[in-house]
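When the chains are written out, they are named A, B, C and D in that same order, and each has its own residue count from 1.
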Amino acid sequence: MIDKRVRSLADAVAGIPDGATILCAGFGGAGLPDALCEAVIEQGARDLTIVANNAGTGRTGLAALLATGRVKRIICSFPRSSGSVVFEELYAAGRIELELVPQGIISERMRCAAAGLGGFYSPVSVGTRLAEGKEHREIDGRMYVLEKPLKGDVALLAADRGDRWGNLSYRKSARNFNPTMAMAASLSIAQVRHFVELGEIDPETVITPGIFVDRLVEVPA
Amino acid sequence: MPLKRRQIAWRAAQDLVDGAYVNLGIGLPTLVADVLPADREIVLHSENGVLGVGPAPGDNEVDWDLVNAGKQPVTLLTGGSYVHHTDSFLMIRGGHLDLALLGAFEVSQKGDLANWTTDDPNFPPGVGGAMDLAVGAKEIRVLVEHTTRAGAPRIRRQCGYPLTAAGVVRRIYTDLAVIDVTSAGLVVRELVDDIDFRTLQAKTEAPLHAAPDLRPLRAPAL
Amino acid sequence: MIDKRVRSLADAVAGIPDGATILCAGFGGAGLPDALCEAVIEQGARDLTIVANNAGTGRTGLAALLATGRVKRIICSFPRSSGSVVFEELYAAGRIELELVPQGIISERMRCAAAGLGGFYSPVSVGTRLAEGKEHREIDGRMYVLEKPLKGDVALLAADRGDRWGNLSYRKSARNFNPTMAMAASLSIAQVRHFVELGEIDPETVITPGIFVDRLVEVPA
Amino acid sequence: MPLKRRQIAWRAAQDLVDGAYVNLGIGLPTLVADVLPADREIVLHSENGVLGVGPAPGDNEVDWDLVNAGKQPVTLLTGGSYVHHTDSFLMIRGGHLDLALLGAFEVSQKGDLANWTTDDPNFPPGVGGAMDLAVGAKEIRVLVEHTTRAGAPRIRRQCGYPLTAAGVVRRIYTDLAVIDVTSAGLVVRELVDDIDFRTLQAKTEAPLHAAPDLRPLRAPAL
């Protein structure tokens, strides 16, 4: 019998090793696994690399994890959101490395890893500073840069509903990076607002099939 | 009178055709969602996976699971749908959007776009979806205030800030004018009433050409 | 006002040019746009390239289109299904070119085109005859071949429900190639079992957003 | 007695662990769906976008929108779901499946797999999802009749037919034996009762080694 549900946030994040690359879903506050981020603080892993769209806001969730000083590097597209005070302090103090990647390319690089591919040619960033050092190639008259897969050791996800097989559904734009990150990590962990019985999520409307999810924990909104 | 921000958005919205798929970038372009022409169906795309963005919600309708690229609450039109980020950027990069309306720090006379970093060492850069949009949408138009608060021109011979993409911008909507980027240079199509062409040129680093049918740029009070 | 619905199969396939590359969805009989295939016979385009998983069965639908002799080339993964009699006759007679592509690679190449990418590195077919002539590259110790985007001029799709914006939903495994092909063609045409009002397909469960669909015609099951 | 096809499937099914994600190829492996151990939850994947394939439907339950890789009608387990082809092959190629059970024309002593073409000029080749599966699943096992109808061995020193993938097969289930592909060669783990090892070797081109704990291969009548 398959049952990926765990009872506590501590169980959900158990075993994350030092040095892990953690994919952290969410766009602003929507679909953000804030409870899981805070559970990682308790869990204690350090020397972390975080992959996320933003760099946390306020002093909770991802920002709280950054504030511990245990994140050495963040790969994101837009750390400049209003309220990213913790990141800005760390950045100004030179206490965190930033790898800036265009938003669609972060997502596509994670999908590339998830799909077992070795890389892809992208037209994005050609002619800009972000293409410096990347391999260039002209294909059918257009210039592309080679982008490499981006795989996570862990993905932290936030979904609306989840069942014991790990099937997930989301609400509205809270879907965002969650489905791709779920596919792109060795250990995918979801906080869900509601545990539901197997079969309650219509098979046509499962957005993340359980095959991509390893653990889920209920965190009511 | 220079246009207000909402009026710049209104002017850009007047050029959207019925049935167009249009991405709105953060900042000024986001305002377009609230001033669309009522006689057309325009499908607004938000990079975070919303197709069919509606106007801002009333105070009682705010749902923080439904936000736009600027993380502000929005609504969904009937017929709209949600996709995940990878599919949303497939739409962007794959040429499925007719148009992207973007903000800018600077635009050059050749349509180069700079909107992701000012290189301020105290201020982290943020590229977001700007580079994906700049190379992916079928057409790029920019909404921007004509000068910085300090009065420096944003429409320049060459961008001083690092590029987002080269040679992609086709039209620029500012608080003073509507300007097309053409192979013959920048052509002013519309100009606000109380500024003459020479004054506009003085606020613009790149050389401007007046369109033969230069028209007044006017917008309702909103 | 957006209304992509057309009244007849003839209107649906109008304007397909000679020499077009047509992506034809379906896996076996599920999700197969048989009525559209037959409409292309009436429409008259020739020198066609068909991209499909299978090569038609029996004497109807895709097989009927092949039987006209107006398909010069087929790109597919599995033309060998039982009942692919028309294709087998044409193949034995040397009257149709076959490009055989692994099933997942057909699909990924179409997605690559849809996503505006220039190509990708795939581990599939390495060391086999199907990799001959392809550019090889070792990445992180594994060998890959370079695969190129595969774009259609036209996609023929079969869906369950569709609305005037072109939003589509499918039933069960009839989904198959339809969503990817919808994204990968310049002109995407769907036969749908049921026209529904805008909003009847839950926004969370639209599988193919209307942005990818140009025309739809109602063909009851 | 050699096993019947359904019994080969049954034997392969006995090795599936609770919670495993398993792809079933066309032909013999497809039969596995109907003979799964009742005490385990095993999630069967079908390349055409079905995760959680159930047993064959009753005559009144056939739905031609729900088929397996062999285009035969199937059912869906509670908890199952549908994806499109590109996502289905992402699952396959990205290493998300624990195991793929595949059919074969031939398997070599090094685990090379040949199952897509016999090079018969009168008969078009068909690769389907075989190459994607062969390189993508975490483990590959093959279900195959030990010899062709003409009596030619299918387990060979080297494959005579064009390869699907090199060195990927880890275990072979036949009507006569269960054989592991190891770095020390082919090791027979189980052998049907009424055939001795020497007879098995005679029906096999590649050299076989008997496992120290060689056991009888038995299956219920089914």
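Note that in this section contacts are C-beta pairs under 8 Å (C-beta built on N, C-alpha and C of every residue); 3 or more make two chains touch, one makes a residue touch a chain.
Keep in mind the model is a prediction, meaning the values are calculated, not measured.
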| item | value |
| --- | --- |
| Labels of chains that are neighbours to subunit A and to subunit C | B, D |
| B-C against C-D, pair bridged by the larger set of C-beta contacts | C-D |
| Subunit B and subunit C: spacing of chain centres that average the CA atoms, whole Å | 36 |
| Subunit B-subunit D separation of Cα centroids, rounded to whole Å | 56 |
| Mean-CA-position distance for subunit B and subunit A (Å) | 29 |
| Subunit B residues counted as touching two or more neighbouring chains | 76, 82-83, 89, 93, 135-136 |
| Junction residues of subunit A - those touching two or more other chains | 108, 111, 115-117, 122-123, 170-172, 203-204, 207 |
| Chain pairs in mutual contact under the definition given at the outset | A-B, A-C, A-D, B-C, C-D |
| Subunit A - residues contacting subunit B, complex | 27-31, 53, 55, 77-81, 84, 87-88, 91-92, 98, 100-105, 107-108, 110-111, 122-130, 170-180, 207 |
| Footprint of subunit C on subunit D - complex, ascending | 46-50, 63-67, 71, 76, 82-86, 88-89, 92-93, 122-132, 135-136, 162-166 |
| Touch list for subunit B against partner subunit C, complex | 18-19, 21, 40-41, 43, 45, 51-52, 76, 78-83, 89-91, 93-97, 135-136 |
| Contact footprint of subunit D on subunit A as seen in their complex | 1-2, 111, 113-117, 163-165, 167, 183, 198-199, 201, 203-204, 206, 209-212 |
| Subunit A-touching residues of subunit C, taken from the complex the two chains share | 108, 112, 115-123, 137, 139-140, 142, 144, 148, 169-172, 202-205, 207 |
